[in-house]
Amino acid sequence: MIAEGDLGGACYALAAEIYPLCRSITGNGVRQTLDILARHIPLERVEVPTGTPMFDWTAPREWNIRDAWVKDPSGRKVIDFKASNLHVLNYSVPVHKKVSLAELKEHCFTLPDQPDLIPYRTSYHAERWGFCLSHRALSALPEGTYEVFIDSDLSDGSLTYGEYLHEGQSGREFLLSAHICHPSLANDNCSGLALLTLLARTLRSRKTRYSYRFLFAPGTVGALAWLSANEDRLAIDHGLVVSCVGDSGGPTYKSSRRGDAFIDRAMRHVLEHSGLDPVLLDFSPYGYDERQYCSPGFDLPVGLFQRSAFGTFPEYHTSADNLDFIAPEHLRTSFDIIMKVIEIVEADYTPVNLSPKGEPQLGRRGLYSSIGGDSGGVTSVMPLLWVLNLADGKHTLLDMAERSGMPFGELLRAAQLLREADLLT
Amino acid sequence: MIAEGDLGGACYALAAEIYPLCRSITGNGVRQTLDILARHIPLERVEVPTGTPMFDWTAPREWNIRDAWVKDPSGRKVIDFKASNLHVLNYSVPVHKKVSLAELKEHCFTLPDQPDLIPYRTSYHAERWGFCLSHRALSALPEGTYEVFIDSDLSDGSLTYGEYLHEGQSGREFLLSAHICHPSLANDNCSGLALLTLLARTLRSRKTRYSYRFLFAPGTVGALAWLSANEDRLAIDHGLVVSCVGDSGGPTYKSSRRGDAFIDRAMRHVLEHSGLDPVLLDFSPYGYDERQYCSPGFDLPVGLFQRSAFGTFPEYHTSADNLDFIAPEHLRTSFDIIMKVIEIVEADYTPVNLSPKGEPQLGRRGLYSSIGGDSGGVTSVMPLLWVLNLADGKHTLLDMAERSGMPFGELLRAAQLLREADLLT
Amino acid sequence: MIAEGDLGGACYALAAEIYPLCRSITGNGVRQTLDILARHIPLERVEVPTGTPMFDWTAPREWNIRDAWVKDPSGRKVIDFKASNLHVLNYSVPVHKKVSLAELKEHCFTLPDQPDLIPYRTSYHAERWGFCLSHRALSALPEGTYEVFIDSDLSDGSLTYGEYLHEGQSGREFLLSAHICHPSLANDNCSGLALLTLLARTLRSRKTRYSYRFLFAPGTVGALAWLSANEDRLAIDHGLVVSCVGDSGGPTYKSSRRGDAFIDRAMRHVLEHSGLDPVLLDFSPYGYDERQYCSPGFDLPVGLFQRSAFGTFPEYHTSADNLDFIAPEHLRTSFDIIMKVIEIVEADYTPVNLSPKGEPQLGRRGLYSSIGGDSGGVTSVMPLLWVLNLADGKHTLLDMAERSGMPFGELLRAAQLLREADLLT
């Protein structure tokens, strides 16, 4: 069920296409991003007016920005939004005035320990203006009077998110959610947006048992808006928040609050058999939108899938989280991991052995090597033996995979062979 | 309760006596072996006619062999069944013809990685003929015409197994099962047949709480025949499959499918206190007849006891599994381990402390050193304290042994002392 | 809630004050000790007449000693009770006679492996007399006739223990128990007596939810006497036996018989966050009076708190367990550990998140840094997030502390902040 073709390359290309846009938790950057994603899947766009109540929150004012710069005493632009949208403190109010270097510095954010990188900073909850730049650039600014200019507005409008539902045959639902609120950060949001879009496109051509709901929403407020709008009909059986899936780290899985939900078991199983060196984390209430899905009033079975865990890589929330930091091969590996989890979700069931007393005679059904005494042929028959032994009506295939230590896919194939041989329902 | 005398030597002698016989899953080799075992215990022999249904199987045709050889172009016997019964592919159909070296090789089995050893091979499920020989011998054969001769027959008859029941005082039953289908392989399984025979003889002279059922049956089909014949009155409380108990490896215990059956706990306890370096394995559906006993339709509490685990030693299923590979001392150690498990099965109970409020005064009953302040005397009193503390009607002696980390036997002796002091029921 | 002032110094001073007294399981040494403790707290003294039945025991005869010595052939005192009360075998019957060196030696106890130390020995259950001395001193005694003198009496009287109850607002009760039966051993009993006395004094000035019962009773017989007297109204919710709390070792906690009682969890939590290197032991039925409290007829949730575990330090039960072996700083650390456990017992509750759907907006309540994108501010907000996430009515603060790995105190403070913000009941 793994997707074919240059999926990694297509994913990278899509991430690169949305990378330059200046996203924030609201505004046209989000809408432009959704427009691009909508070329691949029939995305529904939802606009939530400013002030709409969302549990303890209300939808924020909308922020848009057109330009911003700082000119030095000689009139040269020393900070320029057009060169990198990270240069502006996200959600800055408009400003245009002359300031001393000292006053300018009060509005500047740098990373003294990473002096060549521009930090990513926001000020959603306090009205202020500011610039982000490399510490080296700040240190080089001469004394004098600077002209600062931010052409933004922060006013009533709406919060925007995108949603796509691939309907399955059962009434059950799998939520896949990525945040769409970061500007030019390649791993920390472009990677997840691109991967989920192509995953949705892949599933769209398939009949599935589960429905798959894809949500592209700004962090925190977007998830709250969606939860608030759907509170009465929430029926999420499994869910994944997907972020930072384009780098070479991890893979990392942080369990849902429940810790032993099916999605937790399936993700752990896939990662343990990935041939990689996975990082398996218990739930904690800090991170991405699993914080909202796993709040105690919902307690949904939603985990977080990443490559490097957020906050643990030096490029995190800096200008170094750029298109060089992610790669097609890593996106492809991440894609395949999620597809394997979907395979488990789709295919898991509780088979029943129709010949449960003793082992059935595999030899006469062509399922066993006919020369005995040689243990070489055992490997291929082990999945058959495990399925037969545990198919007592109390074990699903995932249970069997966990107990046997064998990959789910091998047990699934064994179960299919046994069904063809009328040994299993 | 450990048996006295040169048990190891007697066990080795019996294994050596049955070693030369050409056993298979049916035929006179099995009957001759049972005749020898029956000199020690009153063994009941059961004959199951070819074609008798046994769940998904039917009893196979009977195979007997009288002679077999290959003569080289000069007329010299280069392979001779009389030199080693491993030389014939077990269940070979009769043949007598001249063949080229090339054709002969299509019917030969060797071990290129162990060029001096003869492999053990069978062909129960496909009608064919063949020879097994060392790779070195095969490589030395010159071109030319060979005469092959196998004087065997494969025809309706019966499958044979032996059974002995030592009746105990309660209606509860302990099954001990060894396979009797391998030709000249000393560890796999002359060792198990000899050990269980002498164990049965030892128990025969004792009054026991449990009944002990000994089964000497060909692998797979023998167990299925027995299960099929006894399906309506199966009441196995504990069980052990015993094989490969004569070498210096392990000891190894593979748990029953249940994993926490009493036999699993008792075996683990004995092995952990054996002073050896035990290998404790979870259940897996490959191995000896625990596969049948633990199939989901029965799910009996039957584990597998071995020294080296099957398939893990280089002598396994080769001519190197001979009488040099097993030794009296290892057979004796294996015997003692099973006897200690039987001691637990026989002696375990749930004692109740008759003085449960505070510790009873051990000193005035002579159960405690009278000089206090010195911790030297503690060791001897610890089993008494553990039994008293846990004798709340919810713990058996085995529970106490597990929790305290003390050997079962010490707690049993402590319980006896406490009963004599009227402190325990 | 940690006590202020030079608590460690006061504790050491009190331990030093009671150190010289010759305590035993009965007698005036116990009464004199209780008199000193009673200067700090209104201690109730209980006298249990000799012969009073106490479950399997009866209250023993009372032992008092005034003087004891051994004079060598030259009339010089070579062993003198007045120099160290350890010199007399505790519970020695009176004697005054001349003996040969050989006969004297039959009555002497030494430590050949620690030749400079006097051992502590008792003979509660057999009527005998004896002396304890250093092996070096014994070895230096010349041949000749010795005069031995023990001015003691062993006769009907009573067993004495002290009790103090600090009454709390709920009907629930926490038992704190120390043994008062050892003579001049500083860690092994003076430390616990002093610490619990000052702890009682500290609690006395506070309103508490729980009642705190302090018991100063001779080992084994004192606990049995108390249990026997209070059997019908035993309602111990949590309990600690406290001994050997003045040295630099451990800290050590041995769980109650239940293993997962609240006191076990609270002690483990405090020790794991102590910054020390704690030793966490499972219950075993040997030790101090937890043996009686945890006997199966009571099975009270009482654990044992120590620094070095008894029997594991070379000074144990010797003259090296003196005032140099304990120190104010260690007593203070031990005191603080118990106070932190009491803080948990007092403060633990099951908060309920009043805004459980999604995270409440901490920013507008001043509970969150207003500049986002920087993970530096996360640490301070984590306790808030954990409490909000787990406050579903099913988790107490201690549950949250265990799951989050954060100290109880931080979660308690977070819960207080959230209550002030009307986010939590």
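We call the chains A, B and C, going by the order they appear; numbering starts again at 1 in every chain.
As a working rule, contacts are C-beta pairs under 8 Å (C-beta built on N, C-alpha and C of every residue); 3 or more make two chains touch, one makes a residue touch a chain.
Not measured: the values here are computed from a predicted model.
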Residue numbers at the chain B-chain C contact, same meaning over half shared and different meaning under half, come out as different
A CA-based fit of chain A to chain C gives a rotation angle in degrees, as a multiple of 5, equal to 120
The distance between the C-alpha centres of chain B and chain C, rounded to whole Å, is 54
In chain A, the residues touching two or more other chains are none
Given the complex, residues on chain B that touch chain C span 353, 355-361, 363-364, 368, 370-375, 378, 381-382, 385-386, 388-392, 404
Counting only contacts in the complex, chain A reaches chain C at residues 54-57, 90, 109, 119-126, 220, 223-224, 227-228, 231, 257, 284-286, 291-292, 294-299, 311, 316-317
